Structures are given as structure tokens and as C-alpha cells.
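Both complexes below contain chain A, partnered by chain B and then by chain C.
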Partner chain A sequence: MKMTKTRQTHSKRGLISLLASLLSIAIGLLVGFALLNVLNANHAVNGFGKILTTGFATSEKFAKVLYQAMPLILCGLSVAFAFKTGLFNIGAAGQYTMGAFSALAVAIALQQPWYIALLAAALGGALLGAIPGICKALFNVNEVITSIMFNWITMYAVNLTINNMPIMLTNFWSRSSIKDRTAPLADANPSAMLPKGGLDTLMNSNYINIGIFIAVLVAIIMWVVLQKTVLGYELKACGYNRHASQYAGINAKRNIVLSMVISGALAGLGGGLYYLSGTGQYTLVKVLLGMGFNGIPVALLASSNPLGVIFSALFVSYIQVGGDALQPHFIKENIDIIIASIIYLSAFALLLKGWIAKLLLRSSTVKDNPELAEALGAEESGVSEGNADTEPPVRGAEKEDAQ
Partner chain B sequence: MSDYVIEMVGITKKFPGIIANDNITLQLKKGEIHALLGENGAGKSTLMSILFGLYQPDAGVIKKDGKVVRIDNPNDANRLHIGMVHQHFKLVEVFTVLENIILGAEQTKNGILQKRDARNKVLALCDQYGLQVEPDALIEEIGVGMQQRVEILKMLFRDNEILIFDEPTAVLTPQEIDELMNSMRGFAREGKSILFITHKLNEIMAVADRVTVLRKGKGIGTVNVADTTVDELAEMMVGRKVSFETKKTDRRAGEAKLRVQNLFVAGRNNGKDKVTNVSFSVRGGEIVGIAGIDGNGQTELVQALTGLMPVSRGHVYIGDAEVTHATVRQHNNLGLSHIPEDRHKHGLVLDYTLGENLVLKDYFEPQYQRGGFLRFDEIYRHADALIDAFDIRSGQGANTVARSMSGGNQQKAIVARELALSPDVLIAVQPTRGLDVGAIEYIHQQIIAARDSGRAVLLVSLELDEVMNLSDRILVIHDGEIVAEVDAHYATAQELGLYMSGASKQQANLESGVEA
Partner chain C sequence: MIIADILSATILFAVPLLLVALGGMFSERSGIVNIALEGIMIIGALCGCLFLRYTEDMGFGADAPQLYMLIAMVISAVAGMLFSMLLAFASIRLKADQVIGGTALNMMAPALAVIVTWAAQGQAQTTILIPKWIRITQESLGFATGTDFLSRLVFKSLYLTTLAAIVLLVWAVIFLYRTKTGLRLRACGEHPQAADSVGINVYRMRYMGVALSGLLGGVGGLAYTIAAGSGFQSNVAGYGFLALAVMIFGNWKPLNILGASLFFALFKIIGSYAGTLPFLPKFESIKSSEYIYLMLPYIVTMVVLILTSKKSRAPKAEGIPYDKGGR
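Coming up: the complex of A and B.
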């Protein structure tokens, strides 16, 4: 009896999250369509169709969706995991870069197989994640500031290092004169490429490999860690209410560092997976890699649920693949704007959740159902985590009075 | 012209799953002090929030001087000359008294603030009503009593005619309460009408003309204070006969279980000592109460004793073990339980379920985890046992999210968790803050039961009645120092009040001979 009740409440809360995510996606798509009309009205309908259908059009395109989703899942997990524990890891971009570098250095310079390289990627990301974590825990420096700075520090440091490691560059391994990017793994160390497991012939694509399974597996593990373990209990307690976790004797400082380390390792692993696929080469340009930032909308769209991240990453990847098919009717920059609008508006899920909850609250179904109302109440106030310290607003105080 | 300045007729306000106000009628006469009495959750705050424009009623009307009015927000309320002193003051800490009073009603000339007229008006009001404030002091530098006078002056400055006081005496010493009541009588004489929200019956008897009692969202009735008694009011409020006596047997104190020697604790903000040279001990089987006005070092003392704040100097022992610089968990493992001052900030993870909250301090014990995985079946079995034993009520038992529980039941959950740890030492801080009479009775019984089973109890409370009823010995803290120790049996509120205000610190030291 008790169990079924809980499950109902949980499923209702889940329903609101799902509803919010779907509505956000719809809004994002609408704005995207409007932009298509503005930029090139003649091909708007056609283009919109392409965005929506390309990902499923051929098995090759679908392979591309999975391929891009793989690092997105991990970057999304990275951000989501930090969110769950009350931290905003905006440094996923840097940690992703660090992961990519660590993986490639181990694969090319040290000639190690893919699994060692992947471990190195996670380790690299973890080390970089530890820095903002330590700064926050010991000196109370806001992690957003440190991790943003480390995005840039990492990018320049990695570029500088690769530049000074001739063995890493393309021209070391082949007769080409290209020296602004790392060597293709097929030339430098084929054993460092992620195994394809026969998927390439099945889907007729060079992009697909077992990386997507690794990503999904990691997402499931993260869900288990957060939901079922002592570690997850402590981390979430720190995230929900730092003061109460200190009061309970939980070592909040250790947990902040640990959380950032795990978050960094996830982003690093994402970088490793992407560059160990063998299809991408790290290019020495002074631009932050967007993948880490795209982890933010992925995490928001999934309401920071690790399992939800799998699907939101697939969605974002799907839209990106669809966007690529807009050429030549739309120029690359415009496509980026359209796709970015869809993705970022989709991340409104979090805002919409409170709004939907309020809307449902007014409808009679909820009124007769205090359980759902409770669930909504909890969700609503969960959004404004920042208020936890301050005095409860009159509304919050009233809620207590009323019950 | 109507007899009443304010009438709230047939007010109904529903929240999901609950009717907070069910057809309540409240009529306020001009120049009267009208008390609004009810337990927590009776609907007092909801009703006042409606009058102040924070909520819209689902049914019913509000009349001002007999005319129906609409109050959509606090600005409307202000235009109708309705003012409110909130329980938690709404003051800007880094502004001066004067700046706070004029905030929102500033007079300007060509966009430049004109303070002189405002200052004169404020000074005139101070004189007229005998309210002492220092116009140029910063809020953060003045005491709670003066802060409250600033709140009152805010209403007077805006020429408010209807003054709402929400639990105004909770933060005051007995002497300050007397002053406040005199001020309230003064306002009433000047023709202002006062709504006085409280759950303290003796205050109503002392100052109010009439009283309206609410219970569980319903209006129970309005009576003339002159025609009623404390017992009658209590019965109206709670719905049954209430005993105010806390029964307890004589103390059988044993060995000292908590010892504090020459303790100094530096404040968080400026490093100034908030606790200075405090020494005392608590023996098994006794309740030691710490009385004092809010902000005199109680919070820092408790946080230092529990490991939440560092100790600058001195020693703390639990049993024979020194815990001066121990972590919170080391304290807990040595048998310390702590009912914290702020149940939302420290006591609970509000987004966790009741079950998860009930193991907040021992989730890592082998009982509740195996190989790093939580044993939810055990956690929920434990929770169900405590829910039964402590009568914790919630929508879905152990699966209820703590945030959705009532304050009383949240507090019961904390008390249950802390007592279930079978502590040697229990530090209870404001254990009944904001709770209704039933819950207060229950928690008091539990604390006395803990004492009778040989635990050492340190009770820190701002409610003097609570300290006096429960304690065996009372220590009075003022400005970070223990200024007096008295046997609870012989203590009077007036005497304690004097010590609390620091007026006779030297005298207190001489009389009780507390030198560390």
C-alpha cells in the first residue's frame, strides 16, 4: 500500500518534469522554425522537415546521432551530477579538453590501448575538476569563477603542450605537412581506437563504436550512485542543504571536492570517448570546445536526472545532425544560430516546471489530490535552492502554517 | 458610519488539501486592542496575510469603515492605513534607523532625498509615544527591542490607523514586554486600532480588550477579555482542557556528562568573542537551562559545543573525552544529540523523505548500509518504528517529503531521531519554537523523560517560561557571559529578566558567585 502510493507520487513528479521538458522542446522548435522563416523563407518548411527527420533518415545518419550523443551524455552527466550536489560546474569544457588531451597523449605519445587512454581521460578531467572543488572547499571561492578561468587556462595549456610535442601532430605520422592538429589514430595507434564491435558494418558508418554503450552505462552507474549508495546520500544531502549535512557530521568539504572530481572525470571521459573514436582530431585553435557547454542544456533539459541525460543528449545530438543537413540553403553560421536557439530554449525545462506545477495546481484534479500538491510544492521550492539560507518568504511560511 | 474600522466577513481561503480559513469573521473596533488567538496552523497568519494583501480570499469581504475594499497587495493595505509588524523584522541591516523608517515612503525634492522633515516627524512620534530609538544608529548595531520599535515607528510614520502585531513578544525580555504593552495601550488611547496575534494567554489577559479565537481554520468565537479566564481561552484555542503545569519528579543528578571550562568562541563575522569565559557542567539526570535574550551568544555557544563552530580557547568534555576541537561526527559518536535551533536550516534535509531524515546521523552504520549501498528496507523499518513511537504524522508515512510536513511534525521527527540515538548528552535549542500546545506538551514530556532516564540535558531557549518550567538549574547568558546561576525552583521571571538585560551584571556575579 505504502509502496504504491510513493510510486504514484514519484511518477507524478516525473510526469511534470517530462511534461516541462517536452513543452520546452516544442517552444524551442517553434522558435527554430520562426528563425528559418526569417533567414530563408523559401526553404523554411523544407529545412524544418530536414531538422526533424534527418537523424532517422538513414542508418548512417543515426550512427552520427549516436556518435555525437556519446560525449554529450558525459558532459551532461558532468553538469547534472554537480547540480545534484549543489554545485555549478561550468568548467566541463575545460575538463573535456583535458580529457581529450590526456587520452590522445596516452594513445599517441605513450602508445597505449584505448582502455588505458580512457582511464587517463577520466583522470585528467578529475584532476582539473579537483581544482575548483578544493578552492571552494578550503577558501570558499565560487566554483563558477574558478572553473570558467580554468576553461581558458586548460585550452591554452593543452594547445601549447601539443605544439611542443611533435609526436602528437599529424606530420609526424604521415607525409602530410599538417601540423595544426593531432595525428589520426588510424595512423598513430590503431589499438587506441574504440572497438567498433561490428556496428560499423551494421550501420554502414565509420562513426559508430562501443563508446555509446560506455556512455549509457556510465549514466546508469551515476543514477545508481546517486539513488542507492551512501556516497550519493551524502552528496545529495550536501547539495540540498549544506548546513544540515554539516550538522549531521557529513564532511561537506570533502564532499565538495569529491563531487567536483567525479564531475570532472565524467567530462574528461567524454573528451576521451570523442577523440578515441578515431574520427576526430584535436585542432590547435584558440576556441573553447562547445561540447562542455552543451552539457549544460543537456543537464537542464533532463532536470539533472542521470537517466534523463541519455535522452536529452540524444535529442540535442539529433537536432545537430538535422541542422547539418540544412546546407546549402542556409549558411553555416545561421544554422548554428537556429540549432543553438532550439537547444537553449529547450533548456527552459527548469523554469517551465514551476510554471506547469502552478497551472496544474489550479486545476481541480490536483486540488482533490493533496499528494500531488505536496509533490509539486516540493518541486517548486526545489528550484529556488538559493533561498535556503534566507528567511522563508511569506508564502513558504504560510505553507507550513496552513498544514 | 460603522462601529468597526475593519471587518473581515466570512473569509474563506483554501490551499491544496487544506482549508486555512473557513468562513471566519473578525471585527475590529476603533481604539481597541483585539487579540487573535490560535495555535500554529489555526489560520492566524493566513487571515492577517489576507488583510495585508498578500493573499486573496476565495470567499468573503473586507470592509474598511463599513465600505467594502479590495486589498490586492501591501501597498493597497498601506493606502488604507493598515500596517504590520512582522514576527521576523523586515529591516535593512546596514541602513540607519531613520533610513529604515522612511524606506518606501521617502520624500524627495527634485529627486533628492529630503531627510530633515522625516527626522523631525520621527522624533516627534518618539516623544509622543515614548518610543526610544537612536535615529542614526545602524540596525545591525541595535538590540532586538529597539529594532521592534523601529518597525512600530515605520507604521506610525505612515500614519497607519490599524496596527497588526504578529507575535511581537517572542523576542523580548519580560521588562521589554511590559514596555511594549504600555506602548500598545498608548496607541489605543490615541484612537488607533490594534490587532495582536499571539498564542500567549497571559499577554492577552494583560493588554487586550477583546479576543477572537481560531482553531483549525475555523473561528471559534470572539469574547471580551474582562468576561473570560485563561482556562476558558485555552480550552477555546485547543479544544480540550489543558494543563499548563509540567509535571516532573525531583532531580537525581549523577556524574557530570558535559563539562565546559573557560570557553571562548569568536563570532563568524568580525572575530570578536561572542562567548567569553563560559564554564559550567551538566550532570546526568538534570536539565540545565540557559536563559537569555536572542543574540547574546547562545547560538555560538551551542555550535561550539556541538562542533559546528571552532572553539578559540577553553575546553569541552563529553564524559571523560575532550571534544574541544573534535568534528561534529566525533561529538555524535561520543553520545551527543542536538535538537537544533533552526529545524529547516540544520535539522532536516527538506527535500529528503522523512525516512531518509530519520537516519541523517547514523545512515553510515552497518545497520543501514551494506558495502556502501543503503539498505532502504532497514531505513524505512526504522522510520516506521519511530513514526509509531513518537506519533509523527505525515501524508505518506516514511515516504513523505520532509518539506511537506507541518512544523510540529518536522520537530517531532528531529526529536525522535535525536532521542533514538540514546544520547548521554542532549542539547535542545528552542525545541518548541513555533509549535502548538499539543506538540509543546509532548516534546516537553520527552525532554523530561530523557532527563529521568539519566541523560544530561542542556536546554537553550528564548522562551523564559519554557526554561523556568523544565530546568533544574538556570544559567543566564548576557553578552556572551554567564552572568547568573539560579535554582529553577526559586527563580522568578522578574529576577531572570534583570539578569538577561545585563542591568545587574556585577550584582549577579556577586550574589550567585559564578566564577568559572
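Coming up: the complex of A and C.
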């Protein structure tokens, strides 16, 4: 009896999280619509329609949605996984770059097939992710700062390395004089491209490949790891309360490093998938790749639930494809405003959840279900303990350590 | 001579870091983690640069350059402050997670800047150029143009923002350590419950901390755009994040932050001057070795952070929303 009640409570709370996310999305879209009206009222309705419909308009566009969702799912998983352990992995950008580099180096310089390259991508990301983890566990340096520093270090190091590996560059493989980007895989090593599995003819698009299935599979595995294994339990326990978990005999330091390693591997895998699709070449630029940062809104929107990440990544990718169709009347940065508004709103998810809970369960349910009432009460006062919530990075705990 | 140039450029790039890191310090000392500094800088720079451009277009800017520069700085500061209020509202009033709110603002700012730049200048005009007359030259002060060491050091790249940074630094030290409000602000970042118990309004102090970070961040954004020299391109190249590192490196204390920002700027300048400095290793066998120097400030920061982590002393209550009913 007790069991079923608890389960009900959990599913109710999941529902509230979902509704809060949907409400954030709706308000964010309204903000976007208002912005379009301010910028160019004549085309606002048309433009907004494009944002909402382009992704499903043709199979080719939908293939693009899936193609962009693939790295987004993995970057989102990376951020979400770290959130679950109470860490904020803003370094997904660097780990993604590292993954892209590792995959391309193994594919082009070492001429290995795609699955080896993907493994290398995950490994590269994992190694880079380990650094903030170790700095945090051993030296108590905040992982946000370490990650930010290593985003830049990685970008410069990757650019430096690629520049000094002539075999990686476009002009090594063809007659072109382009030397500011890596060689297209079609020239350098076709066997390193992700198999298309007939999807390209089915959807009439060059972008689609089996990568999206890999991404979804990884998301499911991550969900199983977090929900059904001892490791996942320990990681989450560290996220909720590091000291309590230590008291219970969990090695918190090991778990922090492990969580960052897994988080890094996920982001690295995302970089690998994107660049092994064969449609993108890594360009030597002095700006950080945005994909890793886009994992943050994806994770937040999904309340850090690995399965939710699949859908939030698809949503973000969907409106980005819609945003590309906005030109020439608007620029695609309007989409960033929408996404940013959505995260800003999800930042006060507690408040939204409180509202929804009041609307949904005002009378009977809460009274009949003391546990649910208790859970909601706890949530509103910020002491959430459920498994469906975004756990904010616990900076308070660090402070105590520093003493 | 080249030493004078390097020092002068170091000061030029240290100014935005100093201003923004001081801003971050006020916010964190009041208990709010301000990861949105990057976004605040962008908004400040956007508004300041737009104003300067309009005075130039209207043709009256060059008449009283420093007056208009001062107005531009005020506009940047106010814009940064208004933008920072979004963070303050979410994290103080709504008790939202401060890092997430900041991340949202960091995402919003560059997108907003691109949109406003396009709206103001027409399509494909992604850069807001800033006029040349904002530099303080020796002629404008009525001196003869000297080429000796000192005049190159001081006047090679002197802007009103540099002078403002010096004034603001002095003010920050006095405000934080010598005034009642400064003491109260610090108390709210250390132990808000105790502060509240003696009648200090914690929420108001935290709003003030974030507002100050917005003011300084906005001016810092303008200062960065001036230092970068190529006009405003809807970003500040990660200087907001770098300023966070400067602040931590400076241990949340104004004078240490001054030292940290000079240190960072020096490494940045050495990176870009590396090719012309005879005493630096050239790495001739390596292509595009400038990347090595570009990496250096970040690597050095990491090493320093690891070495000083035992002594690092963050405000105790930062990042935790203050709840009057909490224990």
C-alpha cells in the first residue's frame, strides 16, 4: 500500500514537472512572438508560423531536426547527468570539441572505422571531463571555473594540434587550398562516416544517419543507470547531500570524478556523432562551439531527466530549424531569445510548480494524500527530494568544505 | 619602447577585467553568484556603443569628446544595471537558482545584441563601429606630443574608462571596508540570518549588490569594446567569464582583484606580442604557435587556483537564496 502511494506521488510530481516545462515553453514562445511583432509586425504571424511548422513541413527538414537533435541530446545528457550529482558542467562545450577532435583524428589520421572513432570521441571527452572532477574532489576548486578555463584551453589546444597535423586538413586530401578546416570524411575516410542505413533515401536527405538512434539509446542507458543501479543511486545521493552520503559510506570524491568523467564522455560522444556524420567539417575558429552550451537549456527543460532530454533536444532542434527559415525578414537569433526566455522561466521552476500544484490538486488529492502534500510542501520550501526535479548545483556544500 | 607599448596595452585590457571583477565581487559579497557578467557586459557595451555611434552620425560627438564619452559610460552602466535586475528579481524575489538564471541571461544578451544591431543599422551590419575621437590624446589636453617612455606608456591608449576604473577602484575599497553600507553588504553574504536579526534588510542589500555588479559590468563591457578596438560585434569574447576567474583569483578583495586583472592582461598581451618580443621562445618548428600563448593565461589561472585553493575564501552564503523563515 505504502509502495503504491509513493509511486503515485512520484508520477504526480513528474506530471507537475512536465507541466511546468510546458508552461515555460508556452510563455517563451509568446515572448518570441511579441519580439517578432516589435521587429517587423507585418511578417510576425507568418514568421511565427514558420518557427512552429517548418520542422515537420518536409521529410528533408525533419531529417535536419533529427540531425541537429543528435548532438543536442548528448550534450543535454552530459549537463543533466552532472546536475543529478549536484555539479554544473558548463564544460560540455570543451568536451564536445575534444570529442570532435578525437573522433576526427582517429578517423582521418589513423584511418579507423566509425565505431572506433566514436569510442575515441567518448574517451577524449571523458579525459577532459575528469579534470574538473579531480580539481573539485582533491583541491576543492569550483567545477564551473575549471570547466570555463578548460573550454578555452581545449579550443586553443585543438586548433594548435590540427594546424600541426597536415594530414587532418582539407588541402591534404584534395586539390583545394582550404587549410582552415578538417578534411571532409568523404575524401579522407568514407568508412568513418556513420552508416545511413537507408534513411537517406527514405527521408531524401543527406543529413540523416543512424546517429540519432545511438543518441536515443544512450539516453535510455543513462536513465537506467541513474534509476536502476547502485552507481546511479550513489551519484544522486552525493548530489542531494554530499555529507550525508559520505556518512552513509559512499565515497563522495570518487563519485564526483566519476560523474564528471561520464558527463564528459557523453558530450564527447556528441561531438563525435556530429562530425562523423560527414556533413560538417571542424573549422579552426577562435570562438567556442555553441553546441555544448545548448546542452544546458536542453537539460534544464527536461528537469535533468535523461528520457526527457530526448524530447527537449528534439524541441530545441525543431525550433532552431524553424528559426533558420525565418530569414530574410528576421534573423535566427530570435530563436536564442525564445530559448533563453524558456530557461529564465525554468530557473524559477519552483514557483511555477507551486502554481500548477495549487491549480491541479487544490482540494481533494492533497487532502487524501498526505505524502503528496508533504512532498509539495517540501518542494516549495526548496528542499526537494524527488527524483524528477532539477537539482541545482549545491554550492553551499562547497563552502562548508572550505572551512 | 616596446616595453612601454606592452605595459600600456596591459593596462588597457586590465581595465575591463578590473571593472567587471569588482562588479562580480559586490554581487558575491552580498550573497548572489553572478555568472551573468558576460551578458551584462554585452548589454552595457551595446548601449554605450550605439550612443557613441549616434553622436558620431549626428556630427556633434567630436566637439566635446570626453563629455559624450562620459554620457556613454553612464548609459552603459544604467543598461547593465537594468539587465542585471532580471537576475536579481529571479534570484532574490523568486529564490530561483542563481546559476541557471545567469546562464539564461548569458544566452539572451548576445542574441539581443545581434537583433538590436541589425535593427539599428540594417541587415548584415554586424559591427557597431566606435568613433576614433574617444581616445584622450596629448593634443586634446594641450600638451605637445611626446615620444618618450612615459608619454607612450600613458597616452598610447588612454581612455576615460581607464580613469574611471581608477576612481571606481578607490571608491570600491572605501565603500566595502569603510562605510556602514559596505559592512552590511558583506554581512549579507556571510551570514544573512544574523544580518537580518539586527535589522538589516537582506533583500535590499542583495539587490544593491547585483545592481552594483550591473553598473560596473556595463561600464566594463564598454571598456572591453574600446580595448578590443574593432568595434562592437555582439560579444565580449568570454571576458565576463574571465572576470569571474579574476575575482576568485583575487579572493573577493578589491586590491587583490587589481593585481589579478593586471596579471591576466599581461599574459594576454604577451600572447599577442609574442612574435615581436625577442626574449620569448619562438617555437619555430611549430605552426601557429600563437595558440600556445593564448592558452597561457588560462593554464596559469588553473595552476594558481589549485595552489591557492586552501586559502581561497568565498563569501559563505553565496548561492543560497535567503529565506526569512529559514534557520
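Methods note: the second predicted complex is superposed on the first by the 335 of 403 C-alpha atoms of A that agree within 3 Å, B and C clash if a C-alpha of one lies under 4 Å from a C-alpha of the other, contacts with A are read in each partner's own complex, and residues count from 1 in each chain.
One rule holds in what follows: a contact is a pair of C-beta atoms (placed from the backbone, for glycine too) under 8 Å apart; a residue touches a chain by one contact, two chains touch by 3 or more.
Predicted model only: the values in this text are computed from it and were never measured.
Of the two partner chains placed by superposition, only chain C is touched by A:297; chain B is not. In the superposition on chain A, A:245 makes contact with chain B only, while chain C stays out of contact range.
By the touch criterion defined above, A:229 lies against chain B but remains apart from chain C after alignment on the C-alpha atoms of chain A.
Of the two partner chains placed around the shared chain by superposition, chain C is the only one that A:328 touches, whereas chain B remains out of contact. Once the two complexes are laid over each other on the shared chain, residue contacts for A:164 go to chain C alone; chain B is not touched. In the superposition on chain A, no contact is made by A:60 with either chain B or chain C.
Touch criterion met: A:237 reaches chain B, while chain C stays clear of it. Residues 381-382, 392, 395, 398-399, 402 of chain A touch chain B in one complex and chain C in the other. Here chain A touches chain C in the complex through residues 35, 39, 88, 90, 135, 139-142, 144-146, 148-150, 152-153, 156-157, 159-160, 163-164, 287-288, 293, 296-297, 300, 328, 331, 333-337, 339-341, 343-344, 346-351, 381-382, 390, 392-393, 395-396, 398-399, 402, going by the rule given at the top. The touching residues of chain B, counted against chain A in their complex, run 14-18, 20, 40-41, 43-46, 49, 54-55, 88, 306-308, 327-329, 331-332, 338, 340, 344-352, 356, 360-361, 363-364, 369, 372-374, 376, 395-401, 403-407.
Put simply, chain A touches chain B in their complex at residues 2, 5-6, 9, 228-231, 233, 236-237, 240-241, 243-251, 361, 366-367, 369-371, 373-378, 381-382, 388-389, 391-392, 394-395, 397-403. The residues of chain C lying in touch with chain A in their complex are 33, 35, 86, 90, 94-97, 99-101, 103-105, 107-108, 110-112, 114-115, 118-119, 123, 235, 238, 241, 244-245, 248, 286-289, 291-292, 294-295, 298-299, 301-302, 305-306, 309, 312-314, 316-321, 323, 325.
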